[in-house]
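After this come two complexes, each holding subunit A, first together with subunit B and then together with subunit C.
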Partner chain A sequence: MDYGYVNARVKGMNSILFNRKYYDTLILKADIDSLITELEKSPYKNEIEEGCVLHPGILGIEYALRKNLIKNYHKILGLVRGDIGEIYINVFLNRWDIQNIKTILRGKNIHASPNEILECLVPAGELDEATLTELMKQQDIRSVIDLLATWQISYSHPLTMYLDEYSEKNDLAVLEYALDKYYYEHSLSIVAGKKYDSRIIHDLLATEIDIVNIKTILRVIRDSIDIEETQSMLLPGGKIFKHKNLLELINTNSIRDVVRKVESTPYSFLSDIPEQAFLTDKISAFEKELDRYIIRKGIRTLRGDPLSISIVIGYLWAKFNEITNIRIIARCKNAYISDEELQEELIYV
Partner chain B sequence: MEQVNPTRMELIKKNAQIKLAEQGRDLLREKMDALIREFFLIMENVSKSRDELEKVSDLAQRSLLIAQAVDDPVALKSASFATKRHITLDISGKNIMGIPVPVIGKKRVSLSLLERGYSILGVSGRIDETAEKFEAEIDLIIGLAETETALRRLGDEIQMNRRRVNALEQVLIPELKKQAKFIKIIIEEREREDLYRLKKVKKILDQKKKAAHRMKTS
Partner chain C sequence: MEGWEVPIGAAIAFAAGAIGTAWAQSRIGAAGAGTIAEKPETSGSIIVLEAIPETLVILGFVVASMIILMVK
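After this line comes the complex of A and B, so read on.
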């Protein structure tokens, strides 16, 4: 695959991503209207104009951000279409497919209207809007899974496997866990090779699995959930934490113990979290740091081999980070949160 | 003033009515005092719960804002699809000084991590914290709904009682007293007239008697 051309294009796209100085300019805007005016001068111009016609204020910005994310990801997918790079990029983008399928299943479970479900879909993955709309039109969960199987979409495998258990327990979480586990297992199997590209994505995925597992353990300990029940939620394939290590973590009594146990790993930064978060069991504070870590690691791949997939993967993370940051600024501006508090919420990378 | 028959029977009736009205007024006053005591007891609870509700509500709104900002409102709405959309409550009733007030069964709305209907692997802790805070808010609202309804009903009853007492005190009893006084004046007037008339008749009879005696002797 000719990474030279693709990476040159992606580096060009990367160069127009917002830097810290521009975030400061956005933060200094007085209100949501001046923020919209500023964004209209940025690469988000077209989407902002369209979004603000369709929705007022913050909703217009959020619409524009989603639209821009989808446009950029699809543009990159278009650059690598038909090459091995497409498979690698899809490993990253498939998380949106999983989220969209979950949303459709949840919507069908409570008989939400198609419009309500459609509003919650972000077709940034492999499944395009037409496919998702068709899935959404199905009568119930079984029909959605049947259609996925008919179209030979791989997500039908875990769903079909757990459909009986779902019917027995009438608990949608059964299908959701099956999808989540399938995503990570399937993605790891795709990037199992020894190639540089595979190793880079495998490393990121394994780190992400570690982070998901740490988050799960922290939440489970906080809510004192039964250990037996928790074991089935843990994902195999982590970089640092294998099944045995995870069991050790899960058998601890408090969040502080978990943090102490991960002090010898790359996740030692968790012990720097303010004492208040430990006292109040505020999981979101730990999650924020873990998210920062994985985003930072993802973006760092931009500095990898210039003739590999790492540039593209780094850009995907950087774009995701930018969208998140703009949304945080917009939401905080909309709620008149002070600039200091806003800065704390931002995921600066 | 209402047209009344100025008879002794009517006076007795009016006096009995005054006594009954005064007894009623005293009873209503006692009831009102008891209701006010009960009202202030509940009021203290309501005011504490309201303060707590405001605090929890602020925290919930803040969590919601952060979850919407970091996770995208779309992900938040999607997670909300997974949860049950209705809450079932057991409502019975009890009496406070004869006033029916609702009793809402203390069933906790707050759910555990695994009861929210979604996979925790795909939903962030921020969304969990938001759900948790709003569940706590609903729990408080349900508790407050019971006490606030009781408070409102007690308040209505106190107001109604006050109106009744005022009506008795300012309208009915003075009116009855006025009527009784009027009847009494009329009866006394009539008695004086009767006395005068009797004296007059007696005088005429005495004069006739004297005249007859004079005729006989002459």
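After this line comes the complex of A and C, so read on.
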């Protein structure tokens, strides 16, 4: 595939992403209304206008951000349609399908209304809005899985396989784990080759698996969950931590020991987290740093071979980061959180 | 038949330059079209960049002319 045209367009799209100076401008806005006014001058103009007509305040911004993310991702997918690049990009976009199915299952679990669920969906993957809307209308979790199976959507396989276990334990984490496991195993099998493009995506996926596993272990230790039970919740295929290493980590007694054990790995940055987080077992601080690490790593692929998929993958991460940052700013403005605290929450790249 | 090496040499010099130019312009053209689609204000620079590989075929033409005129 000739990436010249696609990558030039993607680089053009990347050049209009917000820089640090513009984030500062957004942070300095006094309230949510002035933030909306500022965003109306940005590339989000059309979506913000539409969002603010349909929903008031923060909900309008959320709507606009979702719409813009979907528009951008689908635009890129359109550029590579029919080429090998489409497969690689779908590997990235399929995570939104997983996220959407999880959201629907969670919504059904707490008997949320279809409208409430719809507000949380981001149809950026292969499952479009019409499919997700139909899934949302189902009565319960079992009906959602049945409908996925009827439509022969591949995500129904892991869900059907773990449905009995879910029914026994009545724990949604079982189904969520099944989806994650399926997504990572399936994606890793697609990018198993030795080509440059495959290796880039494989590396990112394997790093993500490590991060998901570290987060799981931190939660297990904090909540003192049974170790035997947790072993089956660890994802295979990590970059640094294989099953044996994960068992070593899980058998430690404290978060501090986990951090000490990862000091010789690329995740050594965890030891720089303030002491307060260790004392209070506040794992959100660790999770935030791990998320930052994978986002930075994803965006760094923008500096890879200019005639490879790495530019597109880097952009997808950069766009995701921009949307996340705007959402953080909007949420903080809505909750009257100070500018200093807000700045700490943002992920600058 | 004598002296056929000279026009063949000139042809190779010109053809190699032309092929090099064509290959470079196709890649630059594709990337340039992508850039202009996203940022139309860059069209001036893209046209200049698109023209740069022309130097290769001009060089090929000069070498071919020199072969014909100077090789006895």
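Couple of notes before you dig in:
One rule holds in what follows: the second predicted complex is superposed on the first by the 339 of 349 C-alpha atoms of A that agree within 3 Å, B and C clash if a C-alpha of one lies under 4 Å from a C-alpha of the other, contacts with A are read in each partner's own complex, and residues count from 1 in each chain.
By definition in this document, contacts are C-beta pairs under 8 Å (C-beta built on N, C-alpha and C of every residue); 3 or more make two chains touch, one makes a residue touch a chain.
Since the model is a prediction, treat every value here as computed from it, not as a measurement.
Placing subunit B and subunit C on a common subunit A by superposition gives a fit, with no clash between them. In the superposition on chain A, A:4 makes contact with subunit C only, while subunit B stays out of contact range. Residue contacts after overlaying the shared chain place A:15 against subunit C, while subunit B stays out of touching range. In the superposition on chain A, A:324 makes contact with subunit B only, not with subunit C.
After overlaying the two complexes on the shared chain, residue contacts for A:122 are found with subunit B alone; subunit C is out of touch. Once the two complexes are laid over each other on the shared chain, residue contacts for A:56 go to neither subunit B nor subunit C. Applying the stated contact rule after C-alpha superposition, one finds that A:332 touches subunit B and leaves subunit C untouched. Comparing subunit B with subunit C, more residues of subunit A are touched by B.
Contact with neither subunit B nor subunit C is seen for A:193 once the two complexes are overlaid on the shared chain. With chain A fitted onto itself, subunit B and subunit C come no nearer than 29 Å, counting C-alpha atoms only. Comparing the two complexes, no residue of subunit A contacts subunit B in one case and subunit C in the other.
In the complex of the two chains, the subunit A residues touching subunit C come out as 2, 4-9, 11-13, 15. By the touch criterion given at the top, residues 62, 66, 98-99, 102-103, 106-107, 109-110, 112, 117, 119-122, 171-173, 176-177, 179-181, 212, 215-216, 218-220, 223, 225, 229, 233, 235, 282-284, 286-288, 291, 324, 327-328, 330-332, 335, 337, 345, 347 of subunit A touch subunit B in their complex.
The touching residues of subunit B, counted against subunit A in their complex, run 63, 65-66, 68-70, 72-75, 77-79, 81-82, 85, 112-114, 117-122, 124-126, 128-129. Considering their complex, residues 27, 30-35, 37-39 of subunit C touch subunit A.
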